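Just below is one structure, and these are the notes that go with it.
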Amino acid sequence: MLDVAVIRFPGSNCDEDALRAAEGAGAAARFVWHREASLGGADAVILPGGFSYGDYLRSGAIARFSPVMAAVRDHAAAGGPVLGICNGFQVLCECGLLPGALIRNAGLAFQSRPVDVRVETTATPFTSAYQAGQVLRLPVAHGDGRYVASTEVVAQLAAEGRILLRYVRGGMPDAPANPNGSLDDIAGVINAAGNVAGMMPHPERVVDPRFGRPDGAGFFASLAAWAPTPA
Amino acid sequence: MSYRIHVRVLPRTGLLDPQGQAVEHALTALGFAGAGNVHVGKAITLDLEAESREDALATATRMCDTLLANPVTEDYTLEVAG
Amino acid sequence: MTGSGTTPRAESFPGERPVTPEVVREHNLNQREYEAIVAMLGREPTLTELGVFSALWSEHCSYKHSKPILKTFPVTGDQVVQGPGENAGVLRLPDGWAVAFKVESHNHPSAVEPYQGAATGVGGILRDVFTMGARPVAVLNSLRLGPLEEPRNRYLFGGIVRGVGDYGNCVGVPTLGGEVYFSPGYRGNPLVNAMCVGLLRESDLATARAHGVGNILLTVGARTGRDGIHGASFASEELSAASEARRPQVQVGDPFTEKLLLEASLELITSGQIVAIQDMGAAGLTSSSAEMAARGGVGVLLDTSLVPTREPGMTPYEILLSESQERMLVVAEPARVAAIQTICAKWELSATPVGHVTDDGLFRVVHDGLLVVAIPGGDLVDACPIYHPEAVEGAEAIARRSRVPSIKAPDLTAALEQLLDAPSLASKRWVFEQYDSTVRASTAQGPGGDGGVVAVPGTAFGVAMTIDCNSRYVALDPYEGGKATVAEAARNIACTGALPLGITDCLNFGNPEKPEVFFQFREACRGIADACRAFDTPVTGGNVSFYNENPTGAIDPTPTVGMVGLLADLSHQVSSHFKAAGDAIAILGTSTGHLGGSSYWAEVLDAFCGAPPPVDLDAELRLQQFLVAAAQGGLLRSAHDLSDGGLAGALAECCIGGPYADQTLGAKVTLTGHADQVGGEGLLFGEDHGRALVSFLPGAAAQLAQLAAEHGVPWFPAGVVGAVDGTLHLTSPSLDLRWETPRLRQIYMDAIPRRMRQVAPSGLEQ
Amino acid sequence: MSYRIHVRVLPRTGLLDPQGQAVEHALTALGFAGAGNVHVGKAITLDLEAESREDALATATRMCDTLLANPVTEDYTLEVAG
């Protein structure tokens, strides 16, 4: 069974949701407190959503200095999967594991609503359970979700197939497709090595079929099915 | 004449400033030992057409009182550059 | 009174002003109250003691004008685990679970500083719930403002919504519902009522009852600053130039610390390390320690020089009365202090011993060795004089009730559009889009329908919740309005398929010393009590907010009711919008075309008048029971209660669909035979109670009609759901009207955003 | 010696600044005709113990580079007062 570490920063608040979603997909998940220096041999890491350190100064800016982040870096350098969701994505950008930054939504207000996103690549440990081009309806809930990076970086991401998800016009006609003004409608990206990804929508909130289409379950199913490629 | 205005809006002294506290805490954790009394607020810069430096200052003050600063929780300082 | 003449002598703290009649008045205590204090102590109080009395004997803490009326509420029932008197009420759920819930106002602070006022209102209500050992799983909010056409109201509205959102979003508790109304009656005195719902194992219930002589009191959480000193007494007087001058320093919320406090508190409670816990809300350390001691029948000795402060040189007076946020008071055995500090340290919080429990029944405070307060503890909390003000209905209210609109009815097609464009009736998407409604991954129904529904982890059941008040009805007829408020809440709950279980209330009124205000209060409470008895939904707690006045008079009386219900099987939950073309539509209940007090009169004909519709409690109960039975039988595709905007308003909402619907749906509705004697206006916009609009698969019609008959609920098959993006076509003997549903949706969704796009300055020049 | 540090962090020139735009729009709507080129960022003030003004400046610069400003999206200016 895949051993998933869900990192808990002070102020994380989607940690339990992420843990349950990973367990629901058949992984063994556990929390790792931000003060820990080691991941205890975890196979994969999830940086959950929330407001680490209150998101004071900038979202994710303070969390990136937590002791556990050194272990997360090592894990990433060794090719282990790391998925940052919402605040986790912000932390990954702040600490440089992912390019770009997430700034205040273009509309300046917090956005909590469903969005439609298209899976742009399935060749990742996080999206292998989906079909390329599949459109998912996932909730977003963030104030700082506007993805920005230099024109060159954005072009490179597109060229290298490293845009994980894009906001698309789905069925909701009177809500803007792109909820935050992200460049190139980017909702999620992945690093060059293909093992560290970040996304603004919250797949862990839509895994229970009793509440609607469980469109988020595939991210966790993908992760649970991931196996390190033998060296 | 065009004047460049810099406004610094900070939480009023005595009010809790959780953001300032968090930054102070983080700076200390990063080994910046000598930092204290940290406060975080808003910086606003703008260009203003005015007859004179005094006019510019007067207009900018009204802008602060009306919109740029919250009269109940914030204090501001103004600077008029060239 | 105990202790008369035997109370130890407290000393004035150096530099303290002497207690003069002027100082007593400043503390909002009248002659009678001051004399009671002197008699109780057998001497004059010190200034610090006076401050303590002014807080605990404020309306906010003492309920001195409302207690006799609140005693008339029904508070018992098999489902009640904890009734009024603790930080929150608790009701029993299946499988050892329980739900804790409470609503509270933060009106005056929000009038002064909308963002922080609203944010700290959410913070306070969260603490009330997690203090009980419950994990907050949902918040709701009820907001009232003056018209959005005025910039000041837009500024307040924008700030309040951001404040509510930022706080709850950061702590990570989803907002599952609320309500917003705009009326000139709230100019200058907006209402912000926040409600929290928490879940706990019944066996983990914590209390705020101090006991065990020698046990230690610890403050946990944020440091104490000079924030909100005298907030409780500020909330207990009218907003005026004089109160403005006494305005306490604004309390600033820190939701990040709240989140840590939440986790630490729940861990402390489940660890078994503590005896009691209470949040420091209004009147801070004073009320939390005095109330905990009084509940346990013990005394306390506090040393304010031990309390961690944010600023140097704070006096015992300031430390006792500070309303700094994100603080808790904990009682524990001395041997447990170290373990408690370890738990708190893990959450980056400090826990500081500041006193202990005594056997002398006194509330005593020392500062640097000086005894500055010594008051008999029980009397401090319970002996405030109680008032029975005169209650006489205001002439204005009587006149309004018998008035009818002077404007002629406009074109009825346009009237519905006008109604949907009224901010009070329009979609509140602009509001709840700023609130995280899906965090915790347990949201079965978010905002935008009749009630919110949250799943209980690891079970098949859920908790439904709503917050409601039609203050126009209350203003026009407080008794019927009180009944209507509970009835609407219960209808909203039942529409989701849940059984109403109990309520919490937030009674927002003007100055109770005015006979016409006290009349409104007394009668509205009588209505609430009668409805709660009829529905077996006991009152488990609440909050009274008086003195909501502005230069033009009292606010519209607003007894907000928060209700929770049990949704036995989440897979049978029902939502309020139409689902698919071809489904059948039926109207439940009786339409008499009652237009008095209606939104149509108020919003379209600009006439705030008429007698509101009377509530038949029996018929309401039967409707609720039918809705629950039909949902449990899996027979309904949608259910929406009829309230503001009447039948036309409800039909439009059902066609418009949810806040993020893929498309609208048309409907073909034939009312011939439903209420043929009623005129077009009354049929469309009348607000008779006891009604709901349901849709279902045509094959379920016979079974539903049968079920309705068994429950004695009138059942009228009214038509079918139409095409995607289709027409709402409504006919009766006197009507033949059509509306394009995409256009209705556009009006309904844009009503608030288009007004909020206008600039609203924050500052002095408004 | 204790130095008072003022940091102004503003969105990098060229990046969109919707907050600045919103403020500019509001100022215009409120009748402040001559205002333009409005930008909104963060103001941070703190006290810093240092050997000398140069030391204070050097430390403050490191603070900005490590924590106070995001190198991808923000520029900062520093001021060391008495």
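The letters A, B, C and D name the chains in turn, as written, and every chain counts its residues from 1.
As a convention for this text, contacts are C-beta pairs under 8 Å (C-beta built on N, C-alpha and C of every residue); 3 or more make two chains touch, one makes a residue touch a chain.
Computed from a prediction, not measured in an experiment: that's the story for all the values here.
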| item | value |
| --- | --- |
| Contact-richer chain pair [A-D vs A-C] | A-C |
| Distance between the centres, which are taken as Cα means, of chain D and chain B, whole angstrom | 9 |
| Centre distance in Å when chain A and chain D are each reduced to the mean of their C-alpha atoms | 30 |
| Whole-Å gap between the CA centroids of chain B and chain C | 37 |
| Residues of chain D touching at least two other chains | 26, 30, 42, 67-68 |
| Residues of chain A touching at least two other chains | 53-54, 56-57, 61-62, 65 |
| Residue list for chain C, restricted to those that touch at least two other chains | 254, 256-257, 761 |
| Overall pattern in which the protein chains touch one another (line/ring/star/complete/other) | complete |
| Chain B residues within the chain C interface of the complex | 11, 14-18, 22, 62, 64-67, 69-73 |
| Chain D partner contacts - residues on chain B that touch it in the complex | 6, 8-10, 23-24, 26-27, 30, 32-50, 59, 62-63, 66-68 |
| Chain A residues within the chain D interface of the complex | 57-58, 61-62, 65, 93-94, 100-101, 103-104, 106-108, 148-149, 181 |
| Touching residues on chain A, where the partner in the complex is chain B | 53-54, 56-57, 61-62, 65 |
| Touching residues (chain side chain B, partner chain A) in the complex | 18-19, 22-23, 26, 29-30, 40 |
